[in-house]
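Order of writing sets the chain letters: A, B, C and D. Residues in each chain are counted from 1.
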Amino acid sequence: MGRTKITKVLVANRGEIAVRVIQGLREMGIRAVAVHSDVDRTALHVMTADEAYPIGPAPAAESYLRGDRLIATALACGADAVHPGYGFLSENAAFARACGEAGLIFIGPRPETIELMGNKLAARSRMLASGVPVIPGTETALRDPAAAAAAAREIGYPVLLKAAAGGGGKGMRVVREEADLAAALRRTMGEAGSAFGDDAVFLERYVEEPKHIEVQVLGDGRGGAVHLFERECSVQRRHQKVIEESPSPSLTPELRERICEAAVRTAAAVDYLGAGTVEFILSPQREFFFLEMNTRLQVEHPITEMVTGTDLVRAQIRIARGQGLPYRQQDLRQRGWAIEFRIYAEDPARNFMPAIGRISSHVTPTGPGVRVDSGIYEGFDVPVHYDPLLAKLVVWGEDRAQAIARGRRALQEFTLHGPGHNIPFHLWALERPKFLDGTYTTNFIDERFDPAEFQDPLPDDDRAALLTAAALYEARRRELAGPAPGNADAGAGDGNWRRSALRAMTNHR
Amino acid sequence: MGRTKITKVLVANRGEIAVRVIQGLREMGIRAVAVHSDVDRTALHVMTADEAYPIGPAPAAESYLRGDRLIATALACGADAVHPGYGFLSENAAFARACGEAGLIFIGPRPETIELMGNKLAARSRMLASGVPVIPGTETALRDPAAAAAAAREIGYPVLLKAAAGGGGKGMRVVREEADLAAALRRTMGEAGSAFGDDAVFLERYVEEPKHIEVQVLGDGRGGAVHLFERECSVQRRHQKVIEESPSPSLTPELRERICEAAVRTAAAVDYLGAGTVEFILSPQREFFFLEMNTRLQVEHPITEMVTGTDLVRAQIRIARGQGLPYRQQDLRQRGWAIEFRIYAEDPARNFMPAIGRISSHVTPTGPGVRVDSGIYEGFDVPVHYDPLLAKLVVWGEDRAQAIARGRRALQEFTLHGPGHNIPFHLWALERPKFLDGTYTTNFIDERFDPAEFQDPLPDDDRAALLTAAALYEARRRELAGPAPGNADAGAGDGNWRRSALRAMTNHR
Amino acid sequence: MWMKKRYVLRHGGEQFTAVVARDADGRLAVQIDDGELREVDACFVQNGRALSLRVDGRMHLIDLSPRGGRDGHGALEATVNGRYLELTVMDELHALALASVAEAAGSGTVRAEIPGLVVALQVEAGRRVAAGEPLLVLEAMKMQNEIAAPVAGTVAEVAVRVGQSVNAGDVLLVIEPEAGG
Amino acid sequence: MWMKKRYVLRHGGEQFTAVVARDADGRLAVQIDDGELREVDACFVQNGRALSLRVDGRMHLIDLSPRGGRDGHGALEATVNGRYLELTVMDELHALALASVAEAAGSGTVRAEIPGLVVALQVEAGRRVAAGEPLLVLEAMKMQNEIAAPVAGTVAEVAVRVGQSVNAGDVLLVIEPEAGG
């Protein structure tokens, strides 16, 4: 494979990952081109890029999923490569192929690899053949309720329904008894169809109390591959990851070596090219099973970067240029501990209902061991049309205890007003014994999360401070606004409040 | 040394370092107590602390340098230790002693060590005796111009005038010929007297084209010591560091080993307790000379933390608790490259004149490898009374080239309006061949900095964008303000501008 | 001589009163419920968006913003020493006026909390529903959100159809609450 | 039909004019100096404190704030694609009015640029000074700053004494400029 020039890259994504990729490109002296839907004209990734072009209306299907427009835009502006980020078209083999046919480098694996891994069933067979342990499940796609019921009976309940084209935790559902199967199948197929354009689903054994362990790999496309150790992503809700950490508190050195070796074998088996993640389920008995391979950058890649001292976006670009693997396995080491907290626009007190709105206050944490990957800024309107991930807070510590303490400190320093968000959830999680001792499983939130407990009353002095502050805030607001014309309470005494002590309090000297 | 409980610490400092220490304390579950002068009631370190107490009027001599008030405050609030930060009383032996006598742990070395190292002449003799190379210079303090002239003649010009009680680059002056000596002596003594309360100065050989290399050490107080490798701090102005990096681009592995070994010998020779820094001058001939030992945390400690994966504030607390050294030498490794950019309130275009004012816009960089240690926030009034250091931008990269590229990217993402600042200087420095190839010396700014070159005209398209934006900004500002009563240009046509397209542009959807 | 003004605050299902007082010298004091009137050391910071409060030496940082959307009247978001929560504050007269309006409004009106797309309707007008029973599915941000009945009663009106986009605050359907439900 | 308004901008020692035009549909166009009138794709962001501008696909982010202190009239700070600089902008009438005032003012008035303490005076009234000659030393932020003569001339007035604190903008001394100096 010869070396290829990459001087301008179109980033076919939005939000924090587009910003992250653009930052990486700028650091490499590569021009970054953003694309945006009509509602994203003022999104952070657009403002951060060197160039930006509109690609259609708000719905993703008419913009970020329009491969034809993305390719036309890339060609028109003279880009020589496309970075797909995660989600959207990142695991769409047809798009990757179309890029190649248009003379654009698709920064990711070959289309055949995406196709293979995108087809969960084909991937299973290939892994079985390569000696990687896989979980018992259906070998073919399902659309028919009766066939599904038969398959589920054979595997044994509980079973997991998964969109064949899914990924990133989207399009999965646990079914515990046959009575629920048909409805679950219908809904999963519906979501799969609207999210991935393919409604095929399949079934597999559902491991109770599982842990989700994944391994970051890099492949040179010729059978050479290295791993960058594991991430544990067992804090999930609706199969969507919420908190990830690296290393995993669940692996012994021996188990780590075996699971990382299995990941390298997976990548090598398919001549993997670029960055990918091999996901495993770890059972309470410490069996691990291949779950799937994500053929793209993961949301949680920063924890690997912090622990191994690497840069995965740079590694992707270098590999895409044909420069081969940037790291040798023997040079890669884990140092310290990193945790990622995904900041979602969703309200944990209202069953994690998605939230939108203008970011009215945004103070991000600072200091040692703190990284913020963000797709928002003060004044930005969070749109309803896309993933509710606003930002990621990533902390690093010398050990797990320090990483947790630092996470708590940083979360407390984080002020985010406007849309509701899940920072309170993260602070809650960091007080749970199951999280603190590292024995949590993917059932953690479902089993442990109790909105009542979560809404512990404030300590008395915090409450007194809140009430005092709110009353002073309202007093000052009214004073600054002045008595409105015709306002009933704009009486004689009220005028005395204007330009008074409350105004003088501002940055009092 | 038995273990000592530390549950509440008074931080006898302000600004970014007080915030950094408070963050570290919070992460360790230790209550953090801030102190503040009257103008600092709304400073970030006060808002970040668990408790805060006033200690006097704005001038440091009446507040942050009032050891008696600091100790009384610590005792009154039940603190069991005092962290001095850097500057102020951090290298004041009398204060350290008074803390001990009041039953407070002073988080730093023993008073005798501070005294020894604070007296540059005594430190020289001790280092000579320990076999650490020192620079030729006077063995006694000087106050008399005639005696100074005689000493300078013996050493040979150029000579360096240094405040005996100085440190951190304060109170130093190069004198190149005898005619300038008397005036320089008078001014240096004046500054020394007002800054350190002691006007004694001494003279030493001035090494031309020197590099400033320093080594971070930790000592257990019983002769045990480790080093955390070097930092290069040769980008200085008026002997004040501006950019620091670790590792140093000037050291070979062999030289690194020798210089780090000399630093450990320095610390061991004085039974050093806690965190300290041994500063060396490196000549173009690769000779190195002991310069001084700073018996406290350095401004630039974060680059060491990022490269070695350590936490120096936590190490200080652990050692102060009597837990011994937290690291073994063989576990300490350098990984990647870190650079610190000090963000000063000073205007490089106006000969680095100090600047003050309210922070009107403050957007800090994000993403991989970026750390911001800050003492400011949007809306904060930077006071005139203290050091102009507002914040520190610290970047880490896999190698020096990436750290530099990342620094450039992060500096460009940094928006800071209000007081003038030196971010433009940093961007300028990152384009200089002398900086890029690592051959810069402490003369870098004096020799290379040309305000004219620095104010390169904007590229045409940037300038057109600026002018367009400024005109639109002014148009919108006038529109939002509305025609003022009696304003001459509030003519008939003007009203049409109100509530027009310009207003509609805001976060356009 | 203190000049006083009284505010009504609601947080966590409870209601409180706060009296803000100032004297001729501009000193401020606050009284919560029937506690004592205490002088406060409070500074607005961050351009008025946060308050730094000192009580007996202890520091509190409270970030405050008006809550967006239709419920913005007196509704605030706050981050209190790192903890995010919501509350409402209004002066006493205003609170009294609002209370009478609230009494008149029915609690069976189901509104969209966020903009989204109606992808399924599970009830029709005239149907009796139990509290918590699913009414419809709203797709927003690629998630399907089941909207449940807030009260038991009879569906009086279905205001949307499948495939319809709705905005935050739009009425989805109305339930006539059951007597004693 | 475009409605137009003209602005005068100063940056880096040069002066420019910008015409901002809008049509009945609210479209905006800008003309710099004698360039062509071009429609712009511009959005205010960050609560109006920055402008995101697109020109031929290229993105520009320009943060703008009014510059503080006494020179705030029309003076802006800007960060243009990461580069920090200063400029002034005002509408044309205003710029004309200011220009006539500026002509009347002498250039020999030396003011304190920041608050500080006068620690040394090196000249007295009546003394002739060369441009660049040190006049006095102002201590601020623990640094001693030498203030030099902006023009050659004769010291007409020394307005401060050693030990005096001064505020930004205070007159320190006045130099009667030399003819042709």
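Note that a residue touches a chain if its C-beta (ideal position, glycine included) is under 8 Å from a C-beta of that chain, and two chains touch if they have at least 3 such contacts.
In this text, all values refer to a predicted model and were calculated from it rather than measured experimentally.
Undergrad: Write down the chain pair with more C-beta contact pairs when A-C is set against A-D.
TA: A-C
Undergrad: So how far apart, in whole Å, are subunit A and subunit C when each is placed at the average of its C-alpha atoms?
TA: Centre-to-centre distance between subunit A and subunit C: 30 Å.
Undergrad: Counting in whole Å, what is the centre-to-centre distance of subunit A and subunit D, each centre being its mean C-alpha position?
TA: From the centre of subunit A to the centre of subunit D is 46 Å.
Undergrad: What is the distance, in whole Å, between the centres of subunit A and subunit B, each centre taken as the mean of its C-alpha atoms?
TA: Their C-alpha centroids are separated by 37 Å.
Undergrad: Where does subunit C touch two or more other chains at once, residue-wise?
TA: As it turns out, subunit C has residues touching two or more other chains at 43, 45-46, 48-49, 58.
Undergrad: Where in subunit B do residues touch at least two different other chains?
TA: In subunit B, residues 41-42, 48, 358, 363, 377, 379-380, 412-413, 507-508 touch at least two other chains, as defined above.
Undergrad: Looking at the whole structure, which two-chain pairs count as touching?
TA: Every pair of chains in contact is listed here: A-B, A-C, A-D, B-C, B-D.
Undergrad: Name, in rising order, each residue of subunit C that touches subunit B in their complex.
TA: 43, 45-49, 52, 54, 57-59, 61
Undergrad: Which bits of subunit A are touching subunit D when the two form their complex?
TA: Residues 34, 41-42, 46-53, 77, 377-380.
Undergrad: Contact residues on subunit A for subunit B in the complex?
TA: Residues of subunit A touching subunit B: 19-20, 23-24, 26-29, 38-39, 41-42, 48, 302, 305, 309-311, 313-314, 335-336, 358, 363-364, 366-374, 377, 379-381, 397-398, 402, 405-406, 408-409, 413, 507-509.
Undergrad: Quick check: in the complex, which residue numbers of subunit B touch subunit D?
TA: On the subunit B side, the touching residues are 170, 187, 190-191, 194-195, 238, 345, 350, 353-358, 360-361, 363, 384-388, 411-418, 421, 423-424, 427, 455, 457-458, 461-476, 478, 480, 488-489, 493, 496-497, 500-502, 504-508.
Undergrad: Quick check: in the complex, which residue numbers of subunit D touch subunit B?
TA: 3, 5, 7, 9, 11-12, 16, 18-20, 22, 26-28, 30, 32, 35, 40, 42-46, 48-51, 53, 55, 58, 60, 62-66, 68-69, 74, 76-85, 87, 89-91, 93-94, 113-116, 119, 139-145, 168
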